[in-house]
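The same subunit A turns up in both complexes below, where it pairs with subunit B and then with subunit C.
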Partner chain A sequence: MLAHLPVLVILAPLLGAPVASLLRGPNWPWLLATLLSWFALLCSVLLLIQVNAQGTFIYTMGGWEAPWGIEYRIDFANALLLVLITGLASVVLPYARLSVEHEIGADRCPLFYTALLLLILGLCGITVTGDAFNVFVFLEVSSLATYTLIAMGRDRRALTASFSYLIMGTIGATFYLIGVGFLYVMTGTLNMADLAERLPAISDSSTVRTAFAFIVTGICLKLALFPLHLWLPNAYTYSPSAVTAFLGATATKVAVYVLIRFVFTIFGVEFSFGAEPLAEILVPLAIIGLLSASTVSIMQPNIKRMLAYSSVAQIGYIVLGLAMGTAMGLTASLLHVFNHGLMKGALFMVMGAVAYRMGGTSIDDMRGLAKTMPLTFWAFVLGGLSLIGVPLTVGFVSKWHLILAALELGWWPVVVAILAGSMLAVVYVGRVVEAGFFGEPKDATKREAPWGLLVPLWVLVIANIWFGIDTRLTVDIAEAAAAQLMAGGVVR
Partner chain B sequence: MSGLGVWNYVIIIFLMMIGLYMVMSSSNLVKKLIGLNVFQTSVFFLYISFGYIEGATGPVMQEGASLYSNPLPHVLILTAIVVGVATTAVGLALSVRIKESFGTIEEDELHTMDSSL
Partner chain C sequence: MSDHLILRIVGKFLIPYILLFGLYVQFHGDFGPGGGFQAGVIFASAFVIHTLLFGLESAERIAPQWILKIVAASGVLIYALVGVAAMLMGGNYLDYDFLAADPIAGQHIGIILVEFGVGLTVASVMMLLFFTFAGRGEAS
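Then we have the complex of A and B:
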């Protein structure tokens, strides 16, 4: 059993998805999906422990050795991502039962959970695989599931949001495919470890450079780096609340992981930052992205949309960290991937609870929330503080490391930009908190959200504070992952 | 390099640009999907060209053949074609539902309807 952990994470949702589509009623598919996600979380945690104890974990699919078969290769970076994905799935699925039945109707529940399981499958698959083409396949599995899930939103604008994401996502994935094709022509392999071994010798060719450009651009479309983020705000605003919580916490993070894997492991630091101007391109885009998206989010009347723009800004922080090309920057980036997953998951779940009771997510629906729905309101306050980066929350831990990384390089303007971004976050979170605390409730008869929504929500809020105080686990793993990635290549 | 010289790549780039241009310029959602398909197909051709070796036979063991073309790109593209079909299906299904709920699939009309909501 222990030797098959990487494939069990994939198999559980893969086999569960068709079964879920055959079950009837809203509750059975939900129960199946929830149990499977808990099982996947158990597997991921065991994997992380095993990687921590014994180093990189290699699984040969069907017993076929690496150049012929596909291998799954788990090191610290994927193990951390895997825990994030399955952990968020395990929290969002219990939450989904009430929220989904309320928002999309009981009759479509089996299909909803089928698509959600396929999404989990795709995201986990991208994370565990050690094969560049396999990443494309899993990327498309997760993307197709995402388009379906977004289109299930109540608002008819969910359909157009889903369609434009489909167009952009497919172009991004096809760019990635072109890049992988060029790499295959140059090296004759698709295995990531072999690619990393063979690329340095031929890195001075225009084909490899073109491949790098296609892959980075394609993935940046998927991870919604400014200015390629145009699909994200509508997709997050109009999809069902549970989907937004899961997507906002994990989908773009997995794309970040793929970018990190290609830039650091496959192409190597010398090529990406020495021969190619990666830092010169990504750092300005990340900074413009984090400042402009934060500014735009201040003006949003819809809070879900505000949080979506804030996600674009947070992607800016993450990309900034990895674009520094140092071990500290990479640590900060990986930490923020994990921590942003926790805080955005919690905040989008708050919006789901507000939508459940108030029927909308505009700032008017949030007015007077402290009186009508105090537990939901305080969850938003704590999540918001984490988003700003107040000490004792996870947001502080990752921003602190990001600032340290920038100081190490002596990039003072970048430090100023990071702090300015936090100030803008104070404004956009503060605006909502003010409305919630001092505003008059739109409808004073509304009561607190049901426990089915509050318990998963508070589990995430407590995780935000827990990992903000006890930073040993996350920081140690992120540092170990960064050290592994900076060493370049793949440890055999 | 194949017997076609670089012509196959010229054609591929031509198709790729036509596809991308259609995606960006047409306002009809179905036309956008057609453009997306042309774009994806050009990438399929690119992979198939990679696998071609001049004077080689198909990748099946046979008498008197010593040079075989590379079968791996073909396998990869079979997978990619399946992915492309699925994407097109989802895109068309979305277009149908957009037509049902908005009454149009012209992007500029959808845009004005969206902002007036």
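Then we have the complex of A and C:
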């Protein structure tokens, strides 16, 4: 069965989604989705071990050899992403049972878990495939599932949030498709490895340059790089808590992965950073994004919205790392993709627990939380410390590597910007911690969140500390992935 | 609608041929242009005409929504399970060569089953979409 690992990850949610839509009541679809996500996590971990032991893992769909057929090609970068996606799904789904029944209602639960499984399917699919058009197909699967999930939020504003994401997401996906179409016209192939081989010879044509521009812009819309981030705050604020936790941790990260794959593997470092001014465009946008979004998040009265703006800022760090175009920058970027998934997942899950007990997620609901819901509150404190980048948390590991990468290039102003971003994070996290610690509870009779929410939440919080102390696993894999990507990524 | 006699008669006359053409496109997909997507839409369009001429209630008596939901899900399952069957018989996922002793026969079996699954899902989802929109005014 080991030879089928890449397809088993996809197959679990693919088979689960239609079955979940036919089940009744809130519990059966939940149980099915949870078990399948654990199975997918097991497959992803085994896949990572296989990649580590034997190198790039290739699976030909339907037995059709690439470049004619679709191949799934797994190296360190996508194995790491797969573990992140399925890992977060395995934690968010157990958490979802109480949260979703509370926020969405029992009758719509089967539909919810169907959409969530389709979302997992889409995200995993984008990650494993080695075919540029197949990426688009899975992108659509995940996007349509996302629109549905966001629209299920309690607040009616979820509908407009979902609709504006639908418009922006469709523009992004269309731009991507136009770019891929141009590449297909020029090379006659859609296979990523094949594209990477053929592009250098014709890279000096305006069609290829236009394709590059379309693809990078389209993906930057999906990953919410400043100033293309406007869909994100509303989408994250109004969608159900479990959805926000999963989306915030994985969806934009997968788009980052696609950007990395195109910039480094397909177009290659020399084209992206030599012939094209990618660093000159992305570095300023990333820095403006991380500073402005952090500043805006200080002023948000709704904490879920504050965390959403913080996500835009974190995307700034991630894009900054990859825009450096060096192995160290790429390592930092991949590390932060993984680490930010852990911290934002945990923080959004805290907000779900607060919404479950207090009925809202504004800063008033957070007041006096240390007294009424101490475990939830301390989870927020630890997640917040990780977001700031305090040593012994994952946030420190990735920011440390990012600063090292900037120093290697001698980009002192960038180092200052990264530190300034962390200072702003101290302010916006500190504001909430202060309210929780010293504020008077709005309703002192409220008690701690149920264990069904706390256990998955604390699993993620502990992961934040664990990977902050034991950095061997994440740093080694990120470094190996960066080395592979810098080498052009085409390992035959 | 009862006074649109000509439309109703012509519609009744056309519906069987539309269904038949849908089936033709479905099974011709194995040899030439056609396949599950197109066939599903054509098949569903017969039900759309029926709804327009005879009303939503009548159409939902023929194709109740709960059945359509089951059909939509089972179409996806047929597709996915054909792939699993190929895997269990020793090939890669969706490698139809392994579905029969003769690889060419295997390809035929595989593509017909997969297209059948696609056809079921597309037809029932098209109908569900139409019924949902057509029924919006009546519910409230």
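Definition applied: the second predicted complex is superposed on the first by the 491 of 492 C-alpha atoms of A that agree within 3 Å, B and C clash if a C-alpha of one lies under 4 Å from a C-alpha of the other, contacts with A are read in each partner's own complex, and residues count from 1 in each chain.
The working rule: a residue touches a chain if its C-beta (ideal position, glycine included) is under 8 Å from a C-beta of that chain, and two chains touch if they have at least 3 such contacts.
On a predicted model such as this, the values are computed, not experimentally measured, just so you know.
In the superposed model, A:I178 lies in contact with subunit B only, and not with subunit C. Judged by the touch definition given at the top, the superposed model places A:V7 against subunit C, while subunit B stays out of reach.
By the document's definition of touching, neither partner reaches A:I49: not subunit B, not subunit C. In the superposed model, A:M61 makes contact with subunit C only, not with subunit B. In the superposed model, A:L419 makes contact with neither subunit B nor subunit C. In the superposed model, A:T148 makes contact with subunit B only, not with subunit C. In the overlay built on the shared chain, the residue A:I202 is in contact with neither subunit B nor subunit C. Touch criterion met: A:A17 reaches subunit C, while subunit B stays clear of it. Note for the complex: subunit A touches subunit C at residues 4, 7, 11, 14-15, 17-19, 21-22, 59-63.
Partner subunit B is touched in their complex by these residues of subunit A: 133, 136-137, 140, 144, 147-148, 151, 156-157, 159-160, 162-163, 166-167, 170-171, 174, 177-178, 181, 184-185. Chain contact summary for the complex, subunit C toward subunit A: residues 69-70, 72-74, 76-77, 80-81, 83-84, 86-87, 91-97.
Those residues of subunit B that touch subunit A in the complex are listed here as 20, 23, 29, 32, 36, 39-40, 43, 46-47, 50, 72-73, 76, 79-80, 83, 86-87, 90-91, 94-95, 97-98, 101-102, 110, 114, 117.
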